[in-house]
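Sharing a structure here in structure tokens format.
We call the chains A, B, C and D, going by the order they appear; numbering starts again at 1 in every chain.
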Amino acid sequence: MNSSSALVVEPEHCLEQYEVVRDQTMRLVEPLAPEDTVVQSMNDASPTKWHMAHTTWFFETFLLEQFDADYAPFHERFKYLFNSYYNAVGEMHPRPRRGMLTRPTLDEVVSYRRHVDARVIELLRSPPSAHRAEIVRIAEIGCHHEQQHQELLLTDLKHLFAQSSMHPTYRGPLPLPSGAPGEIVWVGVSEGIRRIGHPGDGFFFDNEVPSHRVFLQAFELADRLITNGEYLAFVEDGGYERPELWLDEGWATVRREGWRSPSYWLLEDGSRREFTLRGVRELEPHDPVCHVSYFEADAFARWAGARLPTEAEWESACQAGSSDGGFLEGDRLHPGPDAGTTGIRQAFGEVWQWTSSSYGAYPGYKPLDGALGEYNGKFMCGQYVLRGASCATSRTHARRTYRNFFYPAARWQFSGIRLARDAR
Amino acid sequence: MNSSSALVVEPEHCLEQYEVVRDQTMRLVEPLAPEDTVVQSMNDASPTKWHMAHTTWFFETFLLEQFDADYAPFHERFKYLFNSYYNAVGEMHPRPRRGMLTRPTLDEVVSYRRHVDARVIELLRSPPSAHRAEIVRIAEIGCHHEQQHQELLLTDLKHLFAQSSMHPTYRGPLPLPSGAPGEIVWVGVSEGIRRIGHPGDGFFFDNEVPSHRVFLQAFELADRLITNGEYLAFVEDGGYERPELWLDEGWATVRREGWRSPSYWLLEDGSRREFTLRGVRELEPHDPVCHVSYFEADAFARWAGARLPTEAEWESACQAGSSDGGFLEGDRLHPGPDAGTTGIRQAFGEVWQWTSSSYGAYPGYKPLDGALGEYNGKFMCGQYVLRGASCATSRTHARRTYRNFFYPAARWQFSGIRLARDAR
Amino acid sequence: MNSSSALVVEPEHCLEQYEVVRDQTMRLVEPLAPEDTVVQSMNDASPTKWHMAHTTWFFETFLLEQFDADYAPFHERFKYLFNSYYNAVGEMHPRPRRGMLTRPTLDEVVSYRRHVDARVIELLRSPPSAHRAEIVRIAEIGCHHEQQHQELLLTDLKHLFAQSSMHPTYRGPLPLPSGAPGEIVWVGVSEGIRRIGHPGDGFFFDNEVPSHRVFLQAFELADRLITNGEYLAFVEDGGYERPELWLDEGWATVRREGWRSPSYWLLEDGSRREFTLRGVRELEPHDPVCHVSYFEADAFARWAGARLPTEAEWESACQAGSSDGGFLEGDRLHPGPDAGTTGIRQAFGEVWQWTSSSYGAYPGYKPLDGALGEYNGKFMCGQYVLRGASCATSRTHARRTYRNFFYPAARWQFSGIRLARDAR
Amino acid sequence: MNSSSALVVEPEHCLEQYEVVRDQTMRLVEPLAPEDTVVQSMNDASPTKWHMAHTTWFFETFLLEQFDADYAPFHERFKYLFNSYYNAVGEMHPRPRRGMLTRPTLDEVVSYRRHVDARVIELLRSPPSAHRAEIVRIAEIGCHHEQQHQELLLTDLKHLFAQSSMHPTYRGPLPLPSGAPGEIVWVGVSEGIRRIGHPGDGFFFDNEVPSHRVFLQAFELADRLITNGEYLAFVEDGGYERPELWLDEGWATVRREGWRSPSYWLLEDGSRREFTLRGVRELEPHDPVCHVSYFEADAFARWAGARLPTEAEWESACQAGSSDGGFLEGDRLHPGPDAGTTGIRQAFGEVWQWTSSSYGAYPGYKPLDGALGEYNGKFMCGQYVLRGASCATSRTHARRTYRNFFYPAARWQFSGIRLARDAR
């Protein structure tokens, strides 16, 4: 099966989802000045304006141009400007130069969104019956695609604001967190054949299937995330000065980049502070540690006498993981402390959790047909899988089989640590 | 003499000058969207917003903080953000990261300008008599400093707009040029001792003095600038493929950068076009060639069997150079064709003219005292002198002894070519 | 079990092995001029002289300094110069500067080898009984370590010679190959739980254990290697110009490096030739394709409608793989054509075979104790596993469970392609 | 006049010169192992073997191929391998890859030299009368060219040896220096028109002519070189930490490179030592400071309240400079202390002296005809002139009008400091 949605979703549901998702993007942009939406702070990040336009381009290209016979492009250059990486769709504006595009302005991009929204809504209201299933399928991919970009919009913006010594705040200060997590409890899973991957009911990306069997040795998974306080103990134990704790490439990165702590930690006048989307504040010891790279997660685990889970372990153990995190809808824009007591907690909605699994194809993997086949498969090299979901992920976007992936040196996502260990 | 202005300028004249110059900057920004004012398109360029704030910082730092006892800084971080390169004034925001500053917004920068303007105007209206001369002197430097940044604001903006495939236009299209320059006439100057450098009446920068004697061999200077048409003949004669025409470092640059023509020339469907601040248009053969590097000017001269003038030659020969160019006030924002017939023409107000003189100190050179001593002297290495003035230079900023300077690979200024040759 | 050799090897056998391996290195150096042994042609490669000294340092550091109470270092600086990457042993000469070491000369390195050989032989002849097992264990690791460097010595030398337009030959021309491989036959393996990893009898590296169970889906493996002729069809079908065939990072590498064919292929006057350690010769269509990166192997497989095997698949299917390749002892120094007819052939002794498995830890993996713990574990990031053995591998060094690993862009090893596919 | 030698030199004198110069090169190589002659330690440096072959290629290309009708090239690839930068002669081996050439070996290069020597000697013994003058002219250029490369051979070798923590010594230790220089005495020169450049009798390079008049202001020149002791005072006064002392580009270089002292100074256990071609030794306070860049010379001068001389000043003042330095023939391979008392001393034979003059063309400059026209002219950009001669320069190579030139960050030459100042 190489489709990403097996069950037929009704157009009316799809239309509702479309409107919710598109509105969410506009709400995220509200606190920003036009100036904030233009700049690209590093090659891996994109300007807010670009995210807004690219997600719109996606619907224009894969939906309107295919299924709306009367549709004329909003602007002929946009096809080139807002293509991200779909070679099959044609040439594209080079990624590291997205920040050179002062035009179209924010206002013009908003007009572009409205123009496309009107036509998409019309199409979803009365889809030609011959393509109805395909239209719904692509609209749904487009919504999930836009949710991915909502998370990136926030993490890219956080990175940008962190570059400025003005330390702009995106939103007002966080409420004080509550909760004092207890000692980690190790949840055991016995050896055996497990089935992982998406079973095929509801929406999923092509990289989550086929569902398939794997053999797992017995292991144990930590019931909660690693906290700032625990990570600080690693830092203060010389974690960033001891090569024996690090992968060779991790150690080279630490030295080249001068890393001494997670990204966005500040050391001012001897006190530890943290830059967040809601301003600079004291480092909260009970919050989950965040903005660590794979290298740091791996080194911390080694220091702690444990290891990172594989993605199969994570998925098997989080079977019954309660979805009690904050998510994007919780509006904290920062992970919060564990307040639970039983079972595996904080699996979703606080921070993405690095696994030791290199991102690759599942047995029998088939990319989507056509240009959308470039969505996932071509990135299956050199990256590591993160599982769960973060405080910047939409609740409706998260699921147990979801495979997020980033390069091992990446730190600008809301990425944290959950430990595993071999069964004793 | 290490002062930059020997004659006492009256405060009232200075005040008028201040208001004219500050207004001019605001007029330049009028056609821009906030998004256009944020981005830094290369390390050598700065965002519009930064130019607006830095020129204001200059008056705040060197005038208000020194001579206005009650003055409180508009914003404490601005001292750090908008210092360009004055080490003596303290730490500064790194130059290549000026484009990361989405805040202060354009509106806030405008408020900053108004705030400082009000206080400076008050100070110039009733300067404390003890510091009156010094206040006038620094205000005058500040005005000329801002005029320099007005030119950079335009050339940096042109560079930024050229990066975008949207090809934004800064202003409406140019009127069609008129004029068909005749053959170059060589104006001879006999050998002998000449005096160059500023004589000391009126405003000048420290790098223009002391006025001093030099011995010049007999030489000849072209009466007009090289045109696009003449430069195109060089291009079509394989100018960019023949190493024997180039300086070693120039040839390496041509190959590394893939240069095939001046900057901003476009080749579309076989026809030559040119990107200007007033849109893309056909390449005009009679316009002065523009946006060439020192390397290209030098190679063209070699190809033409001539050479570039030294700055002493240029200054000696342009003694009576008529100032008939467009300048910034002419509002063409692009150099125009020669329409004259006698004497040396186009010396000022069309394009800066590369000389073969490395930028260095005049005999007996002394930098200004204090932080302003960093204005010129520390850049006297590796750069070449350009003489004249361009279509982006204020008429009141130009003078015969003015020494502009850029690295030999720089092309984003309005820089062109005037030839010289040894006397026959 | 975290030891690398479970069964007790007798010292006398170990001594014989030591002498054979050390002699082999000296034989490899025989055809070289001193000048050939100094230069480092890229960061990933090392000079011949460095390989000769580093392998000697290994015995000196881990054997003589530990177990020979009277041993005085041959030269005090060598500890620093010839440490490769063992942080636990102390500071080391930076890897990219190994080519700066013109001293010690080749003759001095040979003396160093002789000096250490004499003491090691003595130690192995009459090991102190208290440390007998440990001495034998480390001596054996040292021999396998030196065999790894023998292969690198040859591949690094090939890279160096390829940089010179003199095209030096290491040895005289190859005998003409014989054999015309038939069509690929797909050998099927049914689904089920398989055991992979070294069972623990005889020598193995720590990364090959623990032996453990995995669940494999049914699959098929090609019975022979991909040939130059088959790869040429990919090249001529535009393989290097079609982004849809490549991983995203692979495509970026192709464009950045300008790859148009495997490394060491030459296109001279329209005919395809190949640079080998035995001179430049016509491209032999029946030889296995060689010096391809992971990216190229992956793109070829996609073009061919197949995929690369996982390392577990490779190991399961090659259970009975005949070891009929040339190996280092065969002295061809280049892979030869398949001449067999049944079963899986060319598994060992021609080229290493890229697998789709990212190099990582087996479940329950434990690095060796002490400094030797840095041998393998810290490289488990970003690299891909190759299986089999090449024409530059010693026959006594190869085994079915061996895990070689390189970065996906590496091409200077004897690396080739064996295809797999899902069961039909 | 665009010839480099106006007077006719007799062939027999030329032959003698040829033999002396060619022998000198071979003597310089004597202390080296083959391994020392291969490696290129940075892009600006060349391997010893390359210098030996390139100087030979010069005679082969410009003399034998032109005037010896029977001459067949020693090896067809050498034309490509050993061309340095003469585009007119054809394609060439890329400069940064000269260290990849392990072949030809040192022995083969020696054979190449012998082969060419035999033919050149024969040609100089009985030159065809039609080309006699031209042959002598080119032979003489070739000898001076080889003398330039002798100096580079030594400075490149010193750089290479300094990269190795083995600290190889080229020759046995230096005799202890004697001499304790007195305070600097300033030698005054009055204002007026001076003539500089080579008058045309004897050998000179094309960049030394035409001789021409310049107008000089009154100035004073230091009678001796700056010593290590004086430079150390600058270092200890925070010279490398004070941006106000440096050119902008110099300060950027100091920070990027981490400079804290001249090149080859060592700080070991709190004591200052210096790496020389004759081993590491205590820093001698009376020796001339050496291996400083233009940036350091300029900053030192500013700190000392003086400035560097222009090249015209240097040449005018050193009119009667005694040539009493060590030169290459003195065999110290390191500059020695001033022991004189009157007049301008140490002008030649200790260290090259940075001037504040950017390297450019003299008025009326004409490059040589043909390929030799690339000798000097194309480097006239971005470099600074050094005057005098060093302890690695042949006595017969030095002259008052000689213009040496290097980039302002270069430190691997024997380059030092002589101060000037405006007349009081």
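Here, a contact is a pair of C-beta atoms (placed from the backbone, for glycine too) under 8 Å apart; a residue touches a chain by one contact, two chains touch by 3 or more.
Small disclaimer: the values here were computed from a predicted structure and weren't measured.
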Using the touch definition from the top, list the chains contacting both chain C and chain D.
none
Could you figure out which pair among C-D, B-D or A-C mirrors the A-B interface, over half of its contact pairs being identical by residue number?
C-D
Report the chain whose CA-based centre is farthest from the CA-based centre of chain D.
A
Per the centroid of Cα atoms for each chain, what is the distance between chain B and chain D, given in Å?
38
Chain B and chain C, separation of their C-alpha mean positions in angstrom
60
Enumerate the residues of chain A that touch no fewer than two other chains.
none
With chains as vertices and touches as edges, which is it: line, ring, star, complete or other?
ring
Tell me, which pairs of chains are in touch?
A-B, A-C, B-D, C-D
Which part of chain D faces chain C closely enough to touch in the complex?
33-39, 41, 49, 77, 80-81, 93, 97, 99-106, 160-161, 163-166, 168
In the complex with chain C, residue positions of chain A that touch it
85, 87-88, 193, 212-215, 217, 243-244, 246-251, 294-295, 298, 356-358, 360-361, 363-364, 373-374, 378-382, 408, 422
